[in-house]
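Structures for review follow.
Next come two complexes, and both contain subunit A; in the first it sits with subunit B, in the second with subunit C.
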Partner chain A sequence: MDEYTIQVLSNIGMFSFLALSAYLLLMTGEISFGQQAFFAIGAYASGIVTAMWGWGLGLGILCGALVAAAAAFLLAWPTLRLRGLYFAIGTLAFAEMVRLLFEIFSYQIEIDGELVGPNGSDGFRGVRYVFENDISNFQYMLLIYGLLAAVLAGFFLIGRSRLGAIFRMLGEDELLAEMQGVNRTFYKVLATVLAGFIAGIGGALYIHLNTYVEPKIFNVMLGVHSLAYGLIGGLGTSLGPLLGVAIDIGLLESIRIFTGYRMIVFGGLVAVLLIVRPRGLLDEEVIYWLKYRMRRPLARTARRQADAAPSEAGDAQD
Partner chain B sequence: MLRIEGLSRYFGGLQALADVDYSVEGEGVYGLIGPNGSGKTTLFNIVTGLYRPSAGRVTFEGEDISRRGPHRIVAMGIARTFQTPRIYARMTVRENLRAAQHTLARDVRLAGAGERIDALLEATGLADRRDELAKNLPLPEQRRLELARALAREPKLLLLDEPAGGMTPTETHEMARLIEEVAAPGRACIVIEHKMDMIAQLCADVCVLNFGAKIAEGAPDDVLNDPVVLEAYIGRNAGAA
Partner chain C sequence: MIEFIQNTVDGIMIGSRYSLLAIGFTLIFGIMRRLNLSYGPSIMLGVFIGTFLFVQYQAGWLAVAAATLLGAVLAGIYVERLCFWAIRQGAALASMVSSFAIWMQLEELTTLVFPDRTYPFPPLTSAQPFEVAGINIQSTYLIMFGCAVAIMGALSFMLYRTRFGLALRAVAENPLAARFMGVGTGRVTFLAFVLASAIGGIAGYLIAANEQQVTPLFGLWATFKGMIAMMLGGMGSVPGAILGGFVLGVVESQATWYLGTSFRDIAAYGLLFAVLVLRPGGLLGQRRAERERLALRRV
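Right after this comes the complex of A and B.
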């Protein structure tokens, strides 16, 4: 695999965490324009503990995710009473606050005669753990996809569990869910915290691959993208957001013919899809169709065989 | 079982409920009627915790529930349906019923919950539709789905908000039969309905609200012929004309 392909695949993998984070909230019926804040918090927190405090990469990623989850918990309380558009604006404001805080956040220490650490709008440079420990880009890509697979497995488990059903109930009709005994507050906070955790993993992976971040990376456009990934790819399955990322980064950003036109094509794609397929390519209807319509012919065949079996057995006895 | 004392509710300057006393004891079907805007649905919304009362108290099985959150109230054994059916449109019929059981206590959820769903689908005539997306059901079936879904929680008190709204006479008759045979046994049902034949057939007790105040309560034959009730529904000079 050449370096360019590895780089593109790594990017798809890392931004998939952000897309899944936004998707988890979409599942519960909330639109967040602020998941990039948790991506940023995850990046900074994990960078600080590995580059400045000398922790390992695994701990660094875990720490990034946990700090992002804690920040999500702090966001969840004041925004709990907000719904729909107001929640969306609240998350947007929060994300901008976080970005502007990183613009002035300076915390540097001297390591080997060199200043390391976040330095305001110059960003956080010198996160060289991956470089210093001779982890190749290919190995790092495997790490990204390993963690992504674990998160996806988590999504599939949740999807089959009571928790997933409750998230979907809230997503479809919050009031009805409450009337069926769902503690709305609890589950909304839980979803927000889980979403923060997932975005935090992505951010932690991002800073270590790039060795630096600047606050301006985590602007509103990143949040809009992370939301759009689910809306393009589809909200019927957790693979939907991944499809969205693959379309944007894999196709539009990485193929030469789209150079310079990425945002135009992407924006157009979002607009068209919101009209013709408001819940994305892999929406609930597609998943339903796959689940039931495809199963029926199989079930029919199975029944026919079952019906046929006893008479065949009878024939054999004659 | 359910006891409402001096219940009032204001929306701004509008008094939706005015000092209402009402109670339901023991199993059976109870009618709650009144012209549009008389406060019937508001009463349901207060009992289920969607609104807080402006004054007065609601107790269920001896516990004051007037200031409790909806999820805690319904956990005590109250279920409801809605005037405009509310369904999980992107779930199948069966998933809609499953959804109602997710917050039940663990032992109830595990002990025969699936069989109960199948039995309810059979009883409400939705067995053939079990794998259909709920949004594809016509209105009468959506109402039956709501009823089955409320029953999947095995509530002690069931609140039905116009269960036969928008239905033809045949469908209404079928709904009345379902309420009588499937919903009512073993629990108390309060039914809001404008179809008086159905109320007269189902209920032993009927309560009438008008402009938020209770104006009559008693056996259907008495209540439905009460001049005060007739006036509320038809107007003052109707008898003379």
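Right after this comes the complex of A and C.
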């Protein structure tokens, strides 16, 4: 694989974390414009850990994700009462506050005669762990996709478990869910914390690949994009957000014909797509249909056996 | 103390432009129960058409204002047809994301046609600032404030004294019942969108003329300032939008004076967050919020 392909694939992988994070909240019925805040917090925290305290990359990613999850826990409480658009704007306000605070946040220490650390609107430069330890871009891409696969496996496990049923129930009808004995506060906070954790991993991976971040890249555009990915790809499965990211970054950024017109084409395409499929490409109906198709051969055999069984029994009686 | 009063006066006058943007937002939201993220960018398209006339043909203020208004309305109709009329009722999230996609489209279109970072815009007036009882008043701010108040007056006359206003309020209250009473909901929705875009166009002209320049960041700025002001006052409420705009203006100018420029936006977002958490319906919308909650539960 050439360097360009690796770079595009890495980008798709990293932003998939953000899209999945927004998707997890969509599952519980909340629209969030603010997941980029946890992406940013994850990036800064893990950068501080590896570049300034000299810890390893694994610990760095873990710390980034945990700090992001902790921030999500703090956000979850005040926004618990907000629903729908109010929640969306509340998270937006939170994320913008975080970004603006990073614009004035400065914490630098001297390492080898060089100042390292976040420095206000200049951003956080010199996170060189990946380069100092001779990790090639290809290896780093494998790391990204390994973690992504782990997160996706988590999503599939959640989807098949009681927890997933509860999340979807809360998304469908909170009141009904509570009447069934679901502890709404606990599961809402849990969903927010998990979403923050996932976004934090993405941010941690992002800063180590790019060696620097600036606060301005974590603006609200990033948040709305991450929400849009899920809706373009489809809300029926956790692969939907990945498909959305792949369409945006992979397809359009790599096709050079669209240079300069990319958003005109993409914007129009998305608008038309949403008219035809308001819940994205892989929506619930498609997933249901796919599952049905996959199960049918088995079902057919079972039915044939069931049909055959009585006649055999009849034969035996004769 | 004199600084505090000075900031408040400035803030109210600057806030009038946020009020206008918030009114446009709240009209669309009140009628459709859907969020139009593309509101700012469609205004921006109008503003850029206005600046094009000014730069290319040295057009007078009336022509520039008319072009801005027309451009904003045309872009608004485009957004309405594509993102709201064509997407079935109930898919509020799809409408929102679709309007975001159109935002991207409009922004790229603008930067393609106007590649420079900033463009000049004709000022409202060249009159000097004057002083009333020790308080400095900018003439351009005063004109903007006057226009905004006039528009608010005309709008409330229209909303509460005309048949169209009655139809509009009926659709906002309950679309199904309004339909049974013989209101053409589709037509009223469309006209409300046009009205909101026209108000946005005027607001865009006033803002650009005050700044005397336009940048491609205008769309983002207008969308989020309008949305914050709307949320501060309470979604779907016109008096709330007006109040929200003024509050936002005053808070911004006080924060700039007492805390510094970098805290201006932090203060604005902090206030928004606090209002949302402590009074989730906005300053003037508690009763309404309950109904919104029901309407928005399934998005």
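Here is the rule we use: the second predicted complex is superposed on the first by the 296 of 318 C-alpha atoms of A that agree within 3 Å, B and C clash if a C-alpha of one lies under 4 Å from a C-alpha of the other, contacts with A are read in each partner's own complex, and residues count from 1 in each chain.
Methods note: contacts are C-beta pairs under 8 Å (C-beta built on N, C-alpha and C of every residue); 3 or more make two chains touch, one makes a residue touch a chain.
Given the structure is predicted, the values throughout are model-derived calculations rather than measurements.
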Touching partner for A:184 - first (subunit B), second (subunit C), both, neither: first
Touched partner set for A:214, first subunit B, second subunit C, both or neither: neither
Which of subunit B and subunit C A:173 touches, first, second, both or neither: both
Subunit A residues touched - subunit C or subunit B, whichever exceeds: C
Those residues of subunit A which subunit B touches in one complex and subunit C touches in the other: 172-173
Complex interface listing, subunit A residues touching subunit C: 29, 31, 78-79, 81-86, 89-90, 93-94, 96-97, 100-101, 103-104, 172-174, 220-221, 224, 227-228, 231-232, 260-264, 266-271, 274-275, 278-279
Touching residues on subunit A, where the partner in the complex is subunit B: 162, 165-166, 168-169, 172-173, 175-184, 284-285, 288, 292
Of subunit C, residues touching subunit A in the complex: 35, 37, 82-83, 86-88, 91, 93-98, 100-109, 112, 220, 224, 227-228, 231, 235, 262, 265-266, 269-270, 272-273, 276-277, 280, 289, 292-293, 296-299
Touching residues (chain side subunit B, partner subunit A) in the complex: 48, 50, 69-71, 74-75, 79-80, 82, 86-92, 95, 98-100, 102-104, 131, 133, 149, 153
